[in-house]
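There are two complexes below, and they share chain A, which is joined by chain B in the first and by chain C in the second.
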Partner chain A sequence: MNRPGNGKDLNEGGEFQSPSLERLVRSLNRLPGLGRKSATRLALHLVAGSERTTVPAEELVAAIGEARDKVTNCERCGAITEPDPCRVCTSERRDTSLICIVATPIDVLPFEKAGFYRGRYFVLGGLLSPLDGVRAQDLPFGKLQDRIAEDEIKEVIIALDASVEGETTALYIQRLLEGRNLELTRLATGIPVGGALAYTDEVTLQRAFQFRRTF
Partner chain B sequence: MRIVSASVDGFRNLKTASFTFSPRVNLVLGRNGEGKTNLLEALNYFALGRSHRGAKSDELIHFDQSHLHVGLDIEEESGATLACEYGLGRDGGRRLRVDGEALRRRADLVGRLATVFFNPDSIRLVRGGPDGRRQFVDQGMAEIDPVFLTHLTAFQRALKQKNGLLRDLKKGLTDLSTTRRELAAWNRELAGHAAAVCLGRWQYASFLTPFSNESHKSLTDNDLQLDFSYAPRLESVSKAISEAAENPISKDDLEREILAELDYIMDSEIRRGRPLIGPQLDDFKVVLEGVDLRVYGSQGETRTAAIAMILARSDVLFQKRQIRPVLFFDDIFSELDRERTRRLQEMASHLHQVFIATARRDDIADWQPEHMKTWQVNDGEFSEI
Partner chain C sequence: MGVLPQPSASSESLVLRIWPCGETSVIASLLTQDHGYVKVIAKAARRPNSRLRALVEPGRLVSAEFSLDPSRELQYLRGGSVEKDPLGPGSTLEDSAFLQGALELVDRCRPHGGGSDDQDDHDPTAELFAICDAFIRVLSSRSCPHPDLAFFVFEWELLVSHGMAPEVAGCTACGLPPAEVSELTMWFSPAEGGLICGDCSRGDGVSSGKPLSLDALQIFESMAERQLDLADDIPFERPLRREIGAHLHNFLGYHLPGYRLPAALELLRARKDPNR
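== the complex of A and B ==
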């Protein structure tokens, strides 16, 4: 239906009098977390910003190119790294009998930033989700099993989202590893540190209560 | 709870306007197609986070406008007031706010504005398919128990995923050996949520029945027994419920039984390429003196039973959460006899703020409740009379 007021197709050429600027905005807009507005602001800054405040285009292009060439996924654990295997996988100081399963390479970062974890990682690269075309055959479960056997892993920590997909993937892994002589644990969920009890949603509260611990 | 005032801008055919409502009875009169339902829809949108008619945002925005904005001042039972507002744009923008703060999750909205809506479609609650009854119960339970809503949402998501997996398998996109283990994982995830959903539905039916029975008696002035009861599709659930009197149900046991039932049917589901059993097929029985109204009810009987059940939902909400919802009656009286109409009007307005929309003045003839406000609407323009 073409009602007046539906201005979507009135300015097909975009809001700029410049197809190249429009193209840049559209490319930036395709990046995750960048809406059309922020993409426009960034594009204008890159193209029309003063030399003092902006990054020269060549430098930006070179940085992106180099990072794309050099950064890779660790062939052992799947984390993002330049040296391959990554430093976590080769470090002598890491506990080799401990492995933490996460969904994406980004999920490794908070652990490493916090610095308390002494074991290694295994990045699944996704969660079971047939609706997104991800089935068991699409995730590296075979590699996970090999890894556990080779490294004589004693404890597996599952650190996946508390979503339906995360839970199901965890249940799948549990079944997969059943009968092996190892400890299988999961991250606890509960009230965030610094979070006020009165503002905790009922579901989180119920879980925190269910998994309460003794002093 | 009540809507103290509202301002409407760009909503369907409604002219930009502000309203101050009566805490009791608000009557909207107008010929067909003038904008009565539109006003009720605009007010009720905030309760559901969507149109009760299932309209898309685009359809709600006035033909000549690019966005709409509606503000509502709500007074809670405690006397506290909330400034609620929502805005929709043709660009797909959608904002809901309470006291200036944006709402992000569906659960944030539940219970902010509690309403109960009656319109000629309400009869489908008794007459129509089981999905209408499931939705009625699920919504009612979610209103009083947020944990139920979380399980329901998770259950629906997991069911979609399992459905997708069975479809892929049927199309040959995935191989049987890994898929069995994967199906088992989805079944385990489903079983936990299914147990919570089934228990919630069972509880809700038991909360509802005494109230719907009582409302039904007051509406009809007879002594017939109206029973609303849960008819689960899973055998494990039927069994647990029938034995509940001697053997209180444990959620963990029920979850295990449900899982066994789901796993047992896995081969058939693989062959058929879709889930075959589960709470997604549940129903509820509506029985008047031993007669199943879903099948045998007369027009008037089904309509009265449906109204009694919907009124009961408001009683349950009050019993469990001390909230009296706002009641909307859109064109509902034309098919009830005068006696029942009057009883319903008295019952409803006794404890709630009500909004009544009708094209026929007759419907409220010589009913003069206290604190009644009346509007006449012509082509989207409201004037108080």
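== the complex of A and C ==
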């Protein structure tokens, strides 16, 4: 094992001859979307980059700290926000009779970025998954029902994943809201815009076919 | 893509459970027709245009191609096609709950042995696969007016496949067929392995179990004879459903190691009243 040139005996700090750099890479590596390679590139940039091209470490640390302190989940809808309740919940220009149910706070972002939706949100914080131990009592269905009653909601839009969990949660919500005087709709599933028919899997194709529409 | 010089297999499979792996991959546990329980990794299956994506959704019957390297615990899912999607458009909360209930039971109560390497002809996992296959096809067809009854048939067959078929042709203690039982009361006893007549239920050392109605007995009889047509809209009201469900639950609990009431069945207690 200790043959010279093997390299293993030399690299206590990983490939860098620096345990602290190795630690930084490992921390970054634990972030979603960052493989070891990208984490290394980022770490080297932060540590070895010149002052002009990189963010000073103190600034980065302060920004993370401040965001963690101030950012919260809106107590009404669950979206990520600094003012609480969030601007969507307090805006006069939003249609209060419309509510869109999403699984996570991140799911609100594409809607807000696209800007076409004028209603409000309700973030479930997860999806029903009995196999993984996520049960009905773990999700805020009672709060959802209260909210729908209080705000006199006229349309509930379910915007959940087209997975078993998403499907199950949608069916569960449908059961909960059965008999109420409101419209319950779901996002359509099918071939993505710009998607090639030849590469569409059979399930997606079948759903797109079943929900085909007249011109 | 890395070319892996491994033997591979193609088998009809049921997706039991999935777990995310890394940023874009999925690990799936499959019950396969020809190779027993197999765990596969579907590389990059969570990328938008992945051709593996549709293959790793729990409850789907898929024709799967995967590596078959006995030295590995995790095989590579290479491709395949979806045969049946039980939670397609038009499915109900019942479909979803019973589907996931069945998946949970199949995942938890695994028969011993199985796989194509078995010497004798009886392959318990192939038999289990056939039971699941039948159940998923019934659910997917949307032609079954009582998904709960389909689930009970599944549970019954699960007992059969474990060699624990309840005896309903006659009293398990005295052998008297139900038609000749003089008393109206019959019993269903997990400990005795099935039907118990009224006389025997009072006998010493007999565990009588719970009372069995005539309607429930008839359903059990047709399950035993495999004569239940699940597309038939037979009368299957709530009290009978509850009775059948409870008998099977007790029986499974007594005989099947690892059994417990599937968590998914709790979904059916959805409450409409916000002020619980």
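The working rule: the second predicted complex is superposed on the first by the 198 of 215 C-alpha atoms of A that agree within 3 Å, B and C clash if a C-alpha of one lies under 4 Å from a C-alpha of the other, contacts with A are read in each partner's own complex, and residues count from 1 in each chain.
Just so it is clear, a contact is a pair of C-beta atoms (placed from the backbone, for glycine too) under 8 Å apart; a residue touches a chain by one contact, two chains touch by 3 or more.
This is a predicted model, so every value here is computed, not measured.
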item: Chain B versus chain C as contact partner of A:Glu167, first or second or both or neither; value: both
item: Per-residue touch tally on chain A - higher for chain B or for chain C; value: C
item: Touching partner for A:Gln210 - first (chain B), second (chain C), both, neither; value: second
item: First, second, both or neither for A:Glu178, with chain B first and chain C second; value: second
item: Which superposed partner A:Arg52 touches (first chain B, second chain C, both, neither); value: neither
item: Which superposed partner A:Gln145 touches (first chain B, second chain C, both, neither); value: second
item: Which of chain B and chain C A:Pro32 touches, first, second, both or neither; value: second
item: Shared chain A surface residues [contacts with chain B and with chain C]; value: 128, 130-131, 135-136, 164, 167-168, 171-172, 175-176, 201-203, 206
item: Touching residues on chain A, where the partner in the complex is chain C; value: 32-33, 35, 128, 130-131, 133, 135-136, 142, 145-146, 149, 163-164, 167-168, 171-172, 174-179, 192, 195, 199, 201-204, 206-207, 210-211
item: Touching residues on chain A, where the partner in the complex is chain B; value: 3-8, 128-131, 135-137, 164-165, 167-169, 171-172, 175-176, 201-203, 206
item: Chain C to chain A touching residues, read off their complex; value: 17, 23, 48-49, 51, 53-54, 57-60, 81-82, 85, 87-89, 91-93, 96-97, 100, 103-104, 107, 262-264, 266-267, 269-272, 274, 276
item: In the complex, chain B residues that touch chain A; value: 61-66, 90-91, 107, 146-147, 150, 154, 157-158, 160-162, 164-165, 167-168, 173-175, 178-179, 181-182, 184-186, 188-189
